[in-house]
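Here come two complexes built around chain A, the first alongside chain B, the second alongside chain C.
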Partner chain A sequence: MRDLQLSLNQTQRVRLQAALQQLQDLASQAAGSSSVTIADTIPVNNEDGILKGHGTSELDGQVVATLCGVVERVNKLVYVRALRARYKPEVGDIIVGRVIEIAPKRWRLEINFSQDAVLMLSSMNLPDGIQRRRTAVDELNMRTIFEENDVVCAEVRGFQHDGSLHLQARSQKYGKLERGQLLTVPAYLVKRRKQHFHHLEQYCVDLILGCNGFIWVGEHLETGENNMLEDREKRPETSKSNMIHEEQEQTFTPLEVRQHICRIANAVRLLAALGFILTVESIVDTAEASASSNIEIKDMLGPEFYVQTVEREVQRRILLSRKRV
Partner chain B sequence: MVGLSTGEKHFIHGGIAQDLRSDGRKRLHFRPISVETGVIPQANGSARVRLGATDVIVSIKAELGKPNSFQPDKGKVAIFIDCSPTAAPEFEGRGGEELSSELSVALERCFLGGKTGTGAGIDLSSLIVVEGKVCWDLYIDGLVISSDGNLLDALAAAIKVALSNTGIPKVNVDLGASPDDQPEVDVSDEEFLQFDTSGVPVVVTLTKVGRHYIVDATLEEESQMSSAVSVSVNRHGHICGLTKRGGAGLDPSVILDMISVAKHVSQNLISVLDSEIAAAEANADE
Partner chain C sequence: MEVVRADGRTPNQLRPLACSRNLLHRAHGSARWSQGDTIVLAAVYGPKAGIRKGENPEKASIEVIWKPKTGQTGKAEKEYEMILKRTLQSICLLAVHPNTTTSIILQVVGDDGALLPCAINASCAALVDAGVPLKHLAVAICCGLTEGGYVVLDPTKSEEQKMRAFAYLVFPNSSHSVLPKAPSAVDEEPGIITSVTYGLMSESHYINCLGHGHAACAKISEFLRKSLQTQFPGDLSKGT
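Up next, the complex of A and B:
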């Protein structure tokens, strides 16, 4: 999400500045000595044989940071974990990606990483659900599973020996995503958690927080055994004629669900523009706050709600810090 | 170009059909617009306009020149648009040229009227210094920094804001003894004349997606368009220019319908722009 440009009026500007100042004060209370900015000295207590890792350098016999981030120590290794960095996949991450190419026995996916990820035909469940060897026919029918530009949800399987990143989709919950919109946010705003798939029952909306910063907000679909099979059968119908196509589009997503999708999507956009961590709680909380104060969906990105959201975040953090004490 | 999956395309089509687009806007809602003036100190006038994630800069440079022999009583205006490679990788090298020239031509049509300069949104006769001898040449240069759809409307708005920010230096003319002499012109660097921008139009682009048309389409919505009609409307609700893009044809009645909608939308846009210009000027003065 690119930055929001807002024209705040005088009172809104003052309120925003006050709230941001409070946030900064709260943050500096919480932050220990472990967070560094560029050129900060990292104390190493003159230990011998310290290994300088990523984001560190030696200057006048001292170890200094060359990045803004958090100092991490693993035995003798000292390195800085950057706060704002490109997404770096870890095994088991749930990610959302877009198919950019179909190659022999594999799909190539754009996942916001420095290289494209590979999803092998053999590392995904086939529509018929039977475990078997992939035949040449399967290979020819790969487009019936995923086409170019399809949005796909998968799990990071790991790096291969040649350095390429492999994905897998061995469960019904993974697969193609339809009837919704894809949002792109900075990857560091999504933290790794136990649960990345969220079915917001009260809204009938599926929310997938991909670790790579791709977020899917869409209509809830039951993940049944035959979901993919149905999909394949439906396909010829959709392209039959323009008339049917248009009729379908009218009935596609119910208006009420679409309103919820847009509201949640705008909550994500707003939080990302503010640089607040995206969790399902914060997103739902923001969406509910906007609904309860009768703010129209499009006005969620406007100046008034922007300031309100910052102020609410301040209140939340004050409460949190009190609880901790 | 943006690639969208079938599901996303359907979602966009459905949203437009249901009058609720992906970011919660209705079909005839603009995105929030933000305006900055005086961003380029060397220019006579400049403006930066942001429309959602679309970001454009326009600068206006005034130079003394000789009027065209066919129209001795009119100044000259040239519009040139450049698409920066920062907006999209496709614009690198010569890639942006096609879009640049398309935008320049569309803007010239909307602002400068016909070849003879009649019906121009910018009053060309106000640019004359000495009839037939000296006039002001206005060079309007636009730069697209970031593109998220609806470039034409953003550029037109930026030109309007930049023109209202433009100061044309006062000149003292010393007519030579004989009428054939080139008059001597003394340009003042302190006194500036404000440009009259009350007649400058805004452009409203109506993008047709499916059976409906929308204003201020994002890049994703533009990728789904069948055709788009850009209407430039001035403060009095008069149409100054019309451009159609996209391959698909339109029924004449639809075009008439679009024009009346554009007229209605443009009056809102003009009032929003006016208040933004006032706010931007106040900010610049601070």
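Up next, the complex of A and C:
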């Protein structure tokens, strides 16, 4: 994710520094956990019954950190959580990726990982919806399902022997994503939650937070069999280019929805540049705040809104800490 | 008699250090370490499944590839690879991921003396960036012995050529306890991980070099600690 190029004037710089300082103080107060470097000893109060988790090891009767990160304690478990960790895929993660290659019986997708993920033809629903064996004709028609540079949403099924991911897209909510924007953020900003697909009603926008750091913001399309069948009927008819034009004009995304998509996308970019965790609530809050203060969509990435967002986050955290206390 | 150095440094002064991490997107971890004009870029891939033939499958194995700035890889590069491999094997916890291989690739971007210590520092920072568990950090320094018997730290290439002998020394980093400990009177013996010497030096000079090197490593260790702790509010991700 490229950092935002900001030119702050003097007052904005001062405000930003003050707000960042407050956030740091709040974080260190609230958390109560400390950051450690490798070979630091971790303080444990009762020596027996402590479970040493990831990132720790025992040395001379003391618990010593083997990773750089923050010490986390859960009941009797003490472990070191690395900050800015790379994306560590797990089975069942929702992933958004881009097709880079079509290989025999599979698609290769680029996800934010050191290797490309593989989506087998057999792990994908056929357009006619029937469950059957994939024949050679299906293999030749793979391009009608996904082409190069298409954005696809899928789920991690497992790992291959060399560590690359095996994906599956068998449910209706997975598949090709159209009419929207794909954003790249560092993977550690997206935490695993119960829901990764969000439908923002007031904007008619679909928001998919991929665990690999790819975020999809797009127009809301009804998922379901009607969609698939419609596409299939339209496809053999639109063999002529003028027909395609007509179809596109009929199903044009309205201007308002496009503006909403851009606003939400800018909110995501801003939060990612600040390093805040991406949740639906924070993204929607930021978008609403920008709309209510009448900030132009293109100004959302400007210095003024940047500083305002940090200040708003400070207020929110203060409220949260007061509620806790 | 004070030794006068070409760039005006005192004998115990190091060149300006700079460390930046997470530069390469495809590598699991990467770091760029520069001491003055000597710059090395290290990338870590791993741990990957599978082990090379002849290695012990009950431990993780480490593979080092050294890419020089110009020219083909030759015997000198193989020697550096071997030294780095042995050093990193002693700091990594090998039993955590058995039957895996971690590859470290080093690219020399600039060479102005003290190349091997710079490479060791860079690979250590890259391992931290990749999240590989380590026993302690390795901090490396080059100590040179001038004709007059004085110890000079972090020599440049021209100084290295004029010296009688020099040594590359690698020490573990100084550890901090998270709680303020009572200041213990026990001064532990400085342990040393790796020592490579070139040229002829007497034992007393060598012990002298070790003392100076250990003190300098404490400074580098502090710098490494500061650069590893997050400076930007990336830690703001907590607290929600």
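By our rule, the second predicted complex is superposed on the first by the 249 of 325 C-alpha atoms of A that agree within 3 Å, B and C clash if a C-alpha of one lies under 4 Å from a C-alpha of the other, contacts with A are read in each partner's own complex, and residues count from 1 in each chain.
Throughout what follows, contacts are C-beta pairs under 8 Å (C-beta built on N, C-alpha and C of every residue); 3 or more make two chains touch, one makes a residue touch a chain.
Predicted model only: the values in this text are computed from it and were never measured.
Asks: For A:298, select first, second, both or neither according to whether it touches chain B, chain C, the two together, or no partner.
Replies: Touch partner of A:298: chain B, not chain C.
Asks: Have a look at where A:43 lands relative to chain B and chain C in the superposition and call it first, second, both or neither.
Replies: second
Asks: A:86 contacts which: chain B (first), chain C (second), both, neither?
Replies: A:86 contacts chain C only, not chain B.
Asks: Of the two partner chains, chain B (first) and chain C (second), which one does A:109 touch, if any: first, second, both, or neither?
Replies: It touches nothing on chain B or chain C.
Asks: Touching A:255 in the superposition: chain B (first), chain C (second), both, neither?
Replies: first
Asks: Would you pull the chain C residues touching chain A in the complex into a rising list?
Replies: Where chain C meets chain A, its residues are 22, 25-29, 45, 48-49, 93, 128, 130-131, 133-137, 172-173, 175-179, 224-225, 228-230, 232-240.
Asks: Enumerate the contact residues on chain B facing chain A in the complex.
Replies: Within the complex, chain B touches chain A at residues 3-8, 10-11, 13-15, 17-18, 20-26, 29, 32, 34-35, 50, 53, 146, 148, 210-211, 276, 279.
Asks: In their shared complex, at which residues does chain A touch chain B?
Replies: 2, 5-7, 98, 100, 147-151, 176-182, 218, 238, 246, 248-250, 252-253, 255, 258-259, 262-263, 265-266, 269, 296-298, 300-302
Asks: Which residues of chain A touch chain C in their complex?
Replies: 20, 23-24, 26-27, 30-31, 34-43, 55, 57, 59, 64, 66-68, 70-71, 82-86, 112, 114, 161-163, 188-189, 274-277, 279, 313, 317, 320
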